[in-house]
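Below: a set of structures, written as structure tokens.
Presented sequentially are two complexes of chain A, the first with chain B as partner and the second with chain C.
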Partner chain A sequence: MPIGDFAFLIPLLPALAFVITFFLGKKMYAGGALVPIGAITLSFVISLLITLNLLQNPDQIVAQSVDWFGAFNLGILIDPLAAVMLTMVSFVSLLIHIYSVGYMEHDKSKPRYFAETALFTCSMLGLILSDNILQMFVFWELVGLSSYLLIGFWYGKPSAASAAKKAFLTTRIGDVMFLAGIIILFSDLFAIFNGFPDNAYMLQFTEMFNHIPEIAGMSAQIFGFEVSHLTLITLLFFGGAVGKSGQFPLHVWLPDAMEGPTTVSALIHAATMVTAGVYLVARTFPMFISAPDTLIVIAYLGGFTALFAATMAIVMNDLKRVLAYSTISQLGYMMLGLGMGAVIGMEAVGLSIFHLINHAFFKALLFLCAGSVIHAVGTHDMRELGGVGKLMPITAITMLIAGLSLAGFGIPGTIIGTSGFLSKDAIIEAAFLFGEQSHNWLPYIFAIVGAFLTSAYIFRLLFMTFTGKPRTDYEGHESPSSMTVPMVILAAFSLFFGMFTTGMFSRFLGDTFNFINMNLNELATSLGNYELLHEAGHEPLIILWLPLILAVAGLLITYLIYHRRVLDFSVSRNNPVYKLIYNRYYQNEILTEGFAIKVVYEGLSLALYHIDRGINWIVNAIGSALTEAGHMFRHVQTGVVQNYATAIIAGVSLLAILVKIIMEVI
Partner chain B sequence: MNGITLFAPELTVVATALVVLLIGLFLNTESKKVLGYLASAGLFASLVLTLMNLDANAVMYSGTLTVDALSQFFKIVFLIVALLVSVASIKYTENNEHVEEYFTLVLLAVVGMMMVASSNDLLVLFISFELASISTYALAGFERRNLKSLESAMKYFIIGALSSALMLFGISFVYGLAGTTNIPEIAQNSAMLVSSPLGIVSIVLLVAGFGFKIALVPFHMWAPDTYEGSPSVVSSLLAAGSKKMGFVAAFKVFMIALVALKTELTMAFAILSVITMTLGNVIALSQNSVKRMLAYSSVAQAGYISMAFVVMSPMAITGGLFYILSHGFMKAGAFLVTAVVGYMILSENREAENVDHLENFKGLAKRMPISAFSMMIFVFALAGIPLTAGYMSKFVLFSSTIEAGLVWLAVIAILNSAISLYYYARVVKYMYFYPAEGERVSEPLPYALTLIAAVVGVLILGFWPEPFIQWAMEAANVLIAT
Partner chain C sequence: MLPVLSMLILVPLIFAVITFFTKTKEQARTTALTGSVISLVLALYMYMNFDSSIASLQFVEISKWVPSLGITYSVGVDGVSMPLILLNAIVIPFLIIYSWNEENPYPNRFFGLILAMQGAVIGVFAALDFFLFYVFWELTLIPLYFMVSQWGGPNKDFAAIKFFIYTHVASLVMLLGIFALYFTAWSQTGSPTFNIQELLTQFQSFEAPLVKDAIFIALLFGFIVKIPTFPFHSWLPDAYTESPIAGNVLFILLKIGGYGLFRIMLPILPFTGTPNLMISIMAVLGTASIIYGAFVALSQRDFKRMIAFASVSHMGFVVLGSAGLVSLSVSGAMFQQFSHGLILSVMFMSVGVIQTNAGTRIINQLGGLSKKMPKLALIMVVVFMASLGLPGLTGFVAEFLVLTSSYVNLPGYVLAVMIGIVITAAYHLWAMQRSMFGVYNEKLGDVKDLTNYQSLSMAVISLLVIYFGLNPNPVLDMMITNSEHIVSLLSVAGV
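Take a look at the complex of A and B:
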């Protein structure tokens, strides 16, 4: 039996684990942790076997589907893109689950924790292997729901409850756009098929991609501009991705999401929720590549987010917040990589997903290390830390490896380097080519400056946390092995994964869209007017080396400032630039207080409130009238059987008259 | 297969009924528990036999009986409901000395319902109708020391007798006008019915006769009293099973025999269905007895299903049939939950009255989580929340109504669904948001099993409706083709 036949178990097992742990976890060992661990192990094994099989037989894509209702189906599609995502998600999630056994040891609500993380994993795996956009949306929403539950895991804390609400509401803006995109797509396909198709499933990726040229041909007038439906749909899809993947300006929920347990942060920021947006764009990339305007938006917004978030990461004093902004910044790089489809065509998917996978390893590791520090020391304010390296050598070394990978250390022009180096540099190089070709230099400048800041903030974090002397009194010890073992495994991946897979990865992902039998690069050239480059590597030497030079510069400067304290960088707290960045560009003031509270709540909402009160009165009046009517009719129901019989006879007579009248009228 | 073998399911049930009655004579009260298992096994065997013959198609015994997709569809609905009820009754009849009578009556009622589904002649239909009715009259009064139960049975019986008389009166007019009681033959002569004023009278009398079982307003008044007073398991059989018998009879008579009167009937049914659903929902708003609330909700649901008689398009009948199937699970399940709650309250206090009062549902989620969760699913399904059977049924039925151009009717039905959400959600509020008043009670296995089975049914129909809709469509084709 081919391994693909077991694909349905990949999301199903964690789903079962969710049910079992939720209801029976209390009575089990470690709050039922072993159930999701076992389930996800199996999911991982199946995913891995499918991936290995695909590596050997690139044509053995798993594609199964059954009728759902109407012209929609439930289905599984595992091509190389989905396969690597499945393997990575199940693997990282598995390690985080194992780590959680130690980390959550003292928490009373362990069953709820493990049940919710299992649900989260199930939703993410389901999202990845969906073969149609509708099913994907269902899982997309499930991911949102379970992240809401997990961020608000300690719902007793008001800050956690409000962070969960913020995450939910902010991503909801993206979700609505995504849904709007699906609706437009649906109506377009409905028009193209001339109704419901007989022998095809609507909204299946195959059908969507096969009709790209027709959709591109439809256009709508928006504010006087002629906009192609394809551009509209892809922009709306991208809007969904902006919300889920924390791109500017919908990134505000992500730093607050740190209110959950650190393991949840690792799960959300590394393996699951935030990558869903990037995956959505990658999954529907044939549509994006045929919509040039959208692709430019993605490139600019991705690059901008990469830089913007990095500037904020450099002034944060909270371990987890630095990492949160770092995640936003790295997601920006992934989006930027996808936006490079304009020069490198479909290879952009491989480029971006490669960084996504590497990021999953080193970012999960960073969070787990941070969790390990917090678990031992009890604080996550870096100003109170220092010298933790001596107490926790394994944590210090693994976190250093993750930091090197994030900062991008390696030897340009070769395949020797940390995972993060190999994938991030490829994106930056692509951005350079993009600039050269289209003279849009901004994305490249964003990316390269971001690279410098990335190195600076991560080494600032490492120096402040692990070196020097403790700044407050605390005692710590190395974490238990259930926590360190996953860390060491992830460290190995952060260091070596890139080196072993770099060439293979893009070749493998190159086969991703083979299932639709179209030459997508050709489609891109015809609809997108791109001139695709088929050879890379002709960049000047300085361009190749620049990211590394900047990374080293970042390391040196932070070394001098935070370790040797040679440079005094104590900027005045009143320095306007510092204040601007430290206050996170006043986003909170502008977006939350200014826009949300002043404009939406006080302005719009109060105005509507008065209208609504009128409507409300009517609704209430209807409600009470109905209830009154209910009470009144109740008296008709006397309980006296004679009355009932009378009602029947009267009913018969009236009915006879009624039918007679109808007959006369007709 | 043909001839008698096609009636193997009915024969199995009859045989089980006789065996249960006979064995019961020789058993002492403690060991009578086995009878419940026996009855359930018989029903299960019958269900399997029916499933094996799903696509049978035959007319036999001088054209008095027919086996086709429609009859098989309804038989399966009846058998599923009966199976749920009978498994749950194993607990209900525990330590009762009249177990054999109880199960025999249940089984005979089911045989009656199944025969109605198969009848092809008005007289056979009437006799089968009576077999089911008389068995359920006795069942409603099964708690012979409970005044409420007796009162409910008495009312049910008197109104039932009156309705039977009306129905028989109607049948006699039809026979007088058409010269036959055979349903397809009436269809051929139905032109005569249209031309005569007596035709109207006969139809109205038949509507009253079936409307009694369906609980159409104004023939519904017995239903709340009877559903409330009868043992909950019996209410479950009445609301989920016996009500459907009214529907299958109405489908056969109005859509096959009296097809010539289609246009006249359409409007009358439209008015009846609007009044029925609105009145049912509005009264349900103010009920504090859960069983009474469910009874009115059941009246309202009858109103929705009757929309199939108004639209009469293949899709609408499919929707009506699918609704009937879904309703079997939802309503049977909901009444069984009241049975479990009644069991819980009575086990604490033998003398308790009004055991189905909403107050007794407070904090049910803590006290009996399985029952509370099932109840939540059932009431949400009844209200038509997506991913449940109720939603899909309403979706198919209402959309077919819109397709047929009867937008006003669909709007009224949808508004009604909105009203109904209030009283359904209220039950959930009591179960989940009020503190529990008492200890956790372990749920008896037979009850828990049936509830879980019904929940699974509701969810499967809601999540995977396609094959069942297909099946309902085949059954609907029987009505359309003739």
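Take a look at the complex of A and C:
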């Protein structure tokens, strides 16, 4: 039996683990942790075998599907893109699960924790291997549900309950845009098929991609602009990705999401949630690449988010919050990479997903290290930390490796460097080419300034946490090996994965969309995309070296400020710029309190509440007027059922006669 | 062959009478449960022998009644009515189990009314004769009226009479429409009939457009007040708030308004290929209900009132999907009725438990209940998520079908509904956050969790919400068969 036949087990095993652990976990060892660990191990093995098989036989993609309901299907599509994602997600999730055994040791609700993380993993794996957009949306929403449950894991804390709700609602705004995109796509396909097709499934990726030219030909008038349906659909899909992948302005939920256990943050930030948005765009990239206007929007918004979030990361004092903004910023780079489809065509998928995978390794590691520190020391305020490196050498070294990978240390022009260096610099270089080709220079400027800030915020974090002297009294010790072993493994991947796979990775992902027989790059050019660049790598030397120079600069400046303390960079707390950034550009005040509470709740909802009371008053007034009139006939109300029955029959007969007369007249 | 369908109508009615004459609570509830279980078995037997690949009526029974006026006793089911009969037959036994240990001064009447209601509602779904249809239609008012006025909250008399008069006036308008239909057809063919199918066919050949429009509006009015849609919903919040929980569930199972849309309105829709005034009216009412219900629900403080407006909002999908006029949008509307019946039943049961055990159902006065009521919290998360349209649960299947397929004919309306979807998520989650999560409100004292009877009935229905959400085909297939039939007739009539 080919390994592909077992593909359905990849999401199913964690789903079963969810049910078993939830109901029976209490009676098992470690709160039933071994059930999801076993299930996800198997999912990982199957994913890995499928990936290895695909590496050797690129044409042996897994494609299976069965009827679901209506005109829709359930199906599995594992091509190179899905294969690498499945392998990464199951692998990182597995390590986080193993780490959690130690981390959650003292929590009473362990069965619920492990059940919900299994559900989380199941949802993400199911999302990745979907072969149609409806099924993807289903798992997309289940990812949202799992994150809701896990962010609110300690639901007794009001802040956790509130953060869970905020995460669900904010991403829901994106979800609704995604749904709107699906709905428009559906009606376009309905028009193209002239009804429901007999021998094809609506909303399967193959059908969607095969009809790109027709969809691009349809257009709608929006505010006087002629917009192609393809642009509209892709923009709405991207809207969904903006919510899930924490892009500006729907990123507000992500920093609050740290209310859950740190391991949950690791899952959300690395493997299971925020990458879903990037994956959605990558999965449907044949549509995006044929809608160049959307790609420009993605490039700008991705670049802006990369910079915007990095500015906030640099002033935060909470360990987890710095990492949260770091994730938003890095997701911006991934989106920017996808936007580069405008100049490098389908290769943008490989470019972006390579960074997604590398980021998963080093970001999961950063969170696990942070968790290790919090577990040992009990605080995540960096102002109270310091000198932790001596207490926890493994944590310190692995976190340093993750930091180097995030900041992008490596030798430009070669394949020697940390994983993050190889993937992020490729994106920044592509942004430079994009600037040259299209004269849109802003995304490149965002990306390069962001690179400097990235290095600065992560070394600020490392110096403040691990070096110097403790700022408060605490004692700590290195975490148990169930926690450090996953960290060391992730550190190895953060350091070496890029070096071993760069080149091979983009070749492999180049085969992703072979299941549709189209030259997508040519199609895109014919639909108005830029002339694609086929010879990358002719950038000036300074452009190649600039990211590294800025990263080193970031390191040096933070070294001087936070370690040697020779530079005093402290600004007054009342400095308006500092205040603006420290208060996170007042997004909470504007979006949550201003929009959600003032406009939606106090404005619309309460206004309609009063209107409803008005309608009710009118109805009651008519009712009591009639009752008054009824008092004139009070003596008729005898209360005897027989009389009512006679009255009803008489009334109905009268009514019948009345109608009869009216009909005769007409 | 056994007259299964007639038995299915009669068994609950007969057991209702028996239950009325029982002396003790033990006797009352056991009799009622027996009656409802027999109904369930009969309904399942029908379902097993139902052919979901054909659109024609099955289990048809016809006998003469008043030949001179064309009145017959004729009943039958198709893909439109079968799922709704099944819904009633499934939920009622669990409603009785849920109410098993409730404090009750008149258990015989209480359980009797539940069964009487079941018989009347199934009668409406089964009737193929307009006269019979109207008799059962009016019969459903009586148990609900007494449910609210006898077992209701502080404002029960007002709420009961308001509900009775409001929907009764609407029913009378509908009756006018039925008579107009009947007499016009009679004068055209020369022989009287109350047969629904025949009258609807005759309707197409009526000549005066004014008569057709008047009949259409009169019938539509009867149905949309019953559904109800904005702005004819004012009876609902009062009735739902004052009603006892069993009454709430009976209200939820009263799917006769939406049923009327599929059985009567769609076959006589003056559809000519492009949206016209009647379709626009339905689309506007549906869309407005969805958005309006969601926004008003957001600002409610009483849990029951919030669910009442959620119900208005959900039922908007039934009207919108019907107006969508694509086979899958109509099926989606039918499935929404089924789904809504399951989900809202459990939501009301949850609120009932909260009210009895915590002493209040004002959302802000609760807080952190999941600490003391973990079982309830689990079930509430499932049904609240279902109610806000989470995929994998029944609500999503219905909404997805309605939204995607309605967009083909009614794009603007569907995009407007998108606003409602976000608000729907907001009021569900906000209510959960304030009542179930956060710090436990110590003022509530030591609140008890679900009893075994309550857990059983709520868990079973919740599992059905999950099952039909993952695999809607057991009921959706027959709905699709019949919607395709309805829509195909429309395009023929429209040419």
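In the analysis below, the second predicted complex is superposed on the first by the 610 of 666 C-alpha atoms of A that agree within 3 Å, B and C clash if a C-alpha of one lies under 4 Å from a C-alpha of the other, contacts with A are read in each partner's own complex, and residues count from 1 in each chain.
Definition applied: a contact is a pair of C-beta atoms (placed from the backbone, for glycine too) under 8 Å apart; a residue touches a chain by one contact, two chains touch by 3 or more.
If you're wondering where the values come from, they're calculated on a predicted model, not measured in any experiment.
When both complexes are overlaid on chain A, the residue A:179 reaches chain C alone and has no touch with chain B. With both complexes superposed, C is the one of chain B and chain C in contact with more chain A residues.
In the superposed model, A:8 makes contact with neither chain B nor chain C. In the superposed model, A:559 lies in contact with neither chain B nor chain C.
Touch criterion met: A:69 reaches chain B and chain C at once.
Touch criterion not met for A:300: it reaches neither chain B nor chain C. In the superposition on chain A, A:142 contacts chain C only, with no contact to chain B. Taken together, the two structures place residues 69, 623, 626, 652, 655-656, 659-660, 662-663, 666 of chain A in contact with chain B in one case and with chain C in the other.
Across the complex, chain B meets chain A through its residues 154-155, 158-159, 162-163, 166, 197, 200-201, 203-205, 207-208, 211-212, 217-219, 221-222, 224-225, 263-265, 267-268, 271-272, 279, 282-287, 392, 419, 422, 464-466.
Against chain B, in their complex, chain A makes its touches with residues 67-69, 623, 626-627, 629-631, 633-634, 637, 639, 641, 643-645, 647-648, 650-652, 655-656, 658-660, 662-663, 666.
For chain C in complex with chain A, the residues that touch the partner chain are 162, 165-166, 172, 175-176, 179-180, 183-184, 187, 208, 210-211, 231, 234-235, 237-238, 292, 295-296, 298-300, 326-328, 331, 368, 370-371, 381, 385, 390-392, 396-397, 400-401, 403-405, 407-408, 411, 414-415, 418, 421-423, 425-426, 429-430, 433, 436-440, 471-473, 476, 480. Note for the complex: chain A touches chain C at residues 69-71, 134, 137-139, 141-142, 145, 148-149, 152, 155-158, 160-162, 164-165, 168-169, 172-173, 176, 179-180, 182-184, 186-187, 190-191, 196, 600-601, 604-606, 608-609, 612, 615-616, 619-620, 623, 626, 652, 655-656, 659-660, 662-663, 666.
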